[in-house]
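Right after this note come the structures.
Next come two complexes, and both contain chain A; in the first it sits with chain B, in the second with chain C.
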Partner chain A sequence: MKGRLRTQVGQLAHRSVLRTLRQPAQIVPALVFPLFLLAVNSGGLKDATNLPGFPTDSYLSFALAVPFMQGALFSVMNTGTDLARDIETGFLNRLALTPLRGAALLSGLLAGAVVLGLVQAATYLIVGLVAGAELVTGLGGALTIVALSVSITVAFGSIGLFAALRTGSGEAVQSLFPVFFVFLFISAMALPLNLIQTNWFHDVASANPVTYLLEAFRSLLFEGWDLGALALGFGIAAAVLAVGLLAASAALKTRLVRT
Partner chain B sequence: MSEGRAVASFRSITLAVAWRSVHNFLTNPAFLVPAVVFPLFFFTAFAGGLSSVAKVPGFDFPSGYTAFQFVFVLLQSAAFGGVFTGFGIARDFESGFARRFLLAAGNRNGIVAGYALAALVRAFFTWTVLTTIALLAGMEVGGEGVELFGLYGLAVLVNLTATMWAAGVAMRVRSIQGGPLMQFPTFLILFLAPVYVPLSLLSGWIHAVASVNPVTALLEAGRGFISGEPAAVALAFAVAVALPVLFALWARGGLRRAEAAG
Partner chain C sequence: MASLREVAEQSQRTGIEVEGLVREFKNGPRAVDGIDLDVGAGEIYGFLGPNGAGKSTTVLMLTTLLPPTAGTARVAGFDIVSEGPRVRASIGAALQEAALDPLLSGREHMRLQTALHGLAKPEREERGQELLARVGLAEAADRKVGGYSGGMKRRLDLALALVHRPRILFLDEPTTGLDIQSRTALWEEVARLAADDGVTVFLTTQYLEEADALAERVGIIDHGRIVAEGTPAELKAEIGRPTVEAVPADPGDREHLAGVLERFGPRAGTSPRGAAARLEGGEAQLAEVVRALDAEGIAIEHLQLHAPSLDDVFLAKTGRSLEGAGDPEPEPAPEEAVGAA
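Right after this comes the complex of A and B.
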């Protein structure tokens, strides 16, 4: 039974990975757009490091956490759009005729997100370090950043799966992008929490999990090993993944009943 | 065709195209909501989240950070209003509706003018909401009547420029797949200007790029207008008038391509 499940996951993961790698239109924007914003923001907000209480002398190091989150947002779109296309073209209906298990389908589909997450994390980190960002935790920190980035990418990818299964439409999945962007913008993305002056913005950013995901990356980049920040970051990623997979499993059952 | 009839034909085509586009915009939440929500969202994120940037040494904008960012978001919404209109043109070509326009219109320049008029109406709708929210949020306005007229005048010209750019792309590509081509250069040129701090506080490559970016002159003039201390006005209006003329030629070329494609 376990062997069969492994085969199913393997087949779907293989397809998902190949599909991701064969679509430059998915990979290129997910790499270029966050790096462009990193370049613009780290240049434009360089003087913010002169504010009393700013945690580092390098705005680039501070801002380098953001591309990892933006990359994860692209994962929602890419994973969701791929599955929505399978629904629109009838591929999921054909899969439903096979003895494929729901868990195999969902985990196989997330394999593409893992690959995209690895490519993104390595690219952002290398470009950031070449441009002069700090990495006080060394090689161990770099590996932890990649692991955290992949975890978040997969967790967000599960939300993309849910959206695709719920709506069955690639266009509807695409329209979610601005919604997720709101979470990123109303966080401690551009300034640390202690320097956000507007009260309501500070309150929303404090309650926004994205702030703590950013802080986990930042702790590794310029603060040092902060197990509390890392536990919170990985914990949030795990919680999002659990919620995403539960919601996607429920939506998959409904989707298969409908078809 | 007599000159009077040509003018009447141009006007009727312009109004018909504009009416259809505005009607679609106002009655379809999928078009209306992003056009209004996006600028508000950027305004909130920049003016709210970055307000401490006003404390950076050397930042001395008299009307405060909310007004400083309002000008950027106003011009950004003007530009993206034009780009979104380009999406509509591309969609019309994909659905075949634009070809029917081309067949029916006596003066086809009226089609482009109609889309431009619609873009402007859409932009006015967005600006009304944005300005109201900014004032409710306590934005300080130091400028008076003529200066504010200058600020919104710049926004109108930016909207026209972006519409002409996007229309030129849409009529060449004739598919919504040309969307990134309309959107990305616009996004790029806007964000390579002094978005968060004045030009004098930028350094390195971003300062070099922003110094030659025409959007910088528009932003500096706009910020001067809102604070009641006009600056770089002649340069800004020279740029703001030259760009729509240049891109009108680009759009006209696109129209000729669309006509040739049949």
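Right after this comes the complex of A and C.
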């Protein structure tokens, strides 16, 4: 039984990766858009580093955490849209007529998110370092950044799966994108928490998990190894993944209808 | 739990048995309203009806993708509600629209399907190649499906339904939208499957000629109920009477013409420029019809005698012509479904 599950996951993962690689429209915006915003923000807001208490002299290093989060948001859209298309075209029914297990379907579909996450993380990091960003934790830090980025991408991708299974509509999944973007903007995206002076914004950003995901990246980029920040970052990614997968599994039970 | 061998043996013995199958949708009509069916092993059964008659809903229930509201059905000897996995192991299905991934090639589809059905690794490539060749897609196997024609997609769909050597095949409107050559090619393949491999075929269609050409028996469904069942010849013989259709030379004579024809039998079908009537006295009345029209001074541009067709059967049973009789079939909302992944 385990062998069959492994085969199913492997085959669906292979399909998911092929689909991702064969859709440049999924990969290119997820690479270009965050890097474009990084260039704009790091150029336009660099004087923020003069504020007392700003944690680094390089706004580029501070802002480099943001593309990893933006890339993960694209994962919601891409993973969810792919699954929604399978529902709309009846491909899910084809899969339902095989002895496919639900766990295999979800895991296989997230494989595309892993590939996209790897490509994104490597690209953001290389471009950031070439542009002059710091990386005080060295090669180990770089690998940890990639691992964290992929974890977040997969976690957010699971929410895309849930949205697709619940609604069965690619449009509905894509409508989530702005909602997630709002979460990014009401976090410590542009300034560290200690420098956000507006009380309500500080409170919201403090409660926003995205802030702690950003801080985990930033710790690796310019602060040094901070196990607390990393544990929080990976913990939040794991929690989002757990919630996303639970919700997606429940939605799959009603969507993948078979007796 | 039965072994795969037991499943295969059982499915070889039996076809499809349905009793009082019902499917209701929330706030909707009864899409399927108590149908009974008995399809024998190795038979091609045509399920004929207009759009929205309940054909696809029936197929979804019989393939375990939609739980019935009431009634029972056994497919390949297995109950569709309590033995879903065994039913699925015994059947292949090509559902209403060819559900394919445009970004994958035909060969990649075969690899995925053979693997998900649990074929041993060495067998997968061989089975995929064999089926692709069988449906005439060997040369196009490495092209992305997005570039396939409608007929090629349907043929791939059929090949995918056959990877695990099912004993029962469900084809839901397999030729809708295809040109006549693609349609004929698919008919030939389906007929061959039944004749050579003994596969039971449950075929839904809204094409009269398809049911007539392929099916050994036909069930006609309308508003979720089976209104007639039998061999095409039996059904036509039941109607028994031919139809005469006449078009007047002067369009102003149309109603007058219809009145004359109605002396020989009830109006039948729709004739866009003339009128038609079913001849109560059979073909022998044709000469009387011509004489009556002549006596009334109606000049005729066109006169034709039609042998009874399945459309006549449908008309006789429902009061409507099959062509244009359809309504959209309701689709289940996800929350209406039960069962687990």
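The working rule: the second predicted complex is superposed on the first by the 257 of 259 C-alpha atoms of A that agree within 3 Å, B and C clash if a C-alpha of one lies under 4 Å from a C-alpha of the other, contacts with A are read in each partner's own complex, and residues count from 1 in each chain.
Everything that follows uses one rule, which is that a contact is a pair of C-beta atoms (placed from the backbone, for glycine too) under 8 Å apart; a residue touches a chain by one contact, two chains touch by 3 or more.
Being a predicted model, the structure only gives us computed values, none of them experimental.
S.K.: A:G43 in the overlay: touching chain B, chain C, both, or neither? Say first, second, both or neither.
M.R.: Touch partner of A:G43: chain B, not chain C.
S.K.: If you tally the residues of chain A touched by each partner, is the higher count for chain B or for chain C?
M.R.: Looking at chain B versus chain C, the one contacting more residues of chain A is C.
S.K.: Of the partners chain B and chain C, which touch A:R218 in the superposed model: first, second, both, neither?
M.R.: It touches nothing on chain B or chain C.
S.K.: Show which residues of chain A lie in contact with chain B when the two form their complex.
M.R.: Of all residues in chain A, those touching chain B are 29, 36-37, 39-41, 43-48, 50-51, 175, 178, 181-182, 185-186, 189-191, 195-198, 200-201, 205.
S.K.: Quick one: which bits of chain B touch chain A in the complex? Just the residue numbers, please.
M.R.: Residues 30, 34, 37-38, 41-42, 44-45, 48-53, 55-59, 180, 188, 191-192, 194-197, 201-207.
S.K.: Touching chain C in the complex: which residues of chain A?
M.R.: 4, 7-8, 10-12, 14-15, 18-19, 22-23, 86, 89-91, 93-102, 105, 166, 168, 249, 251-259
S.K.: Can you list the residues on chain C that touch chain A in the complex?
M.R.: Residue positions touching the partner: 63-67, 80-82, 84-85, 87-89, 91-93, 95-97, 99-101, 103-104, 108, 111-113, 115-118, 144, 160, 332, 334-335, 337-341.
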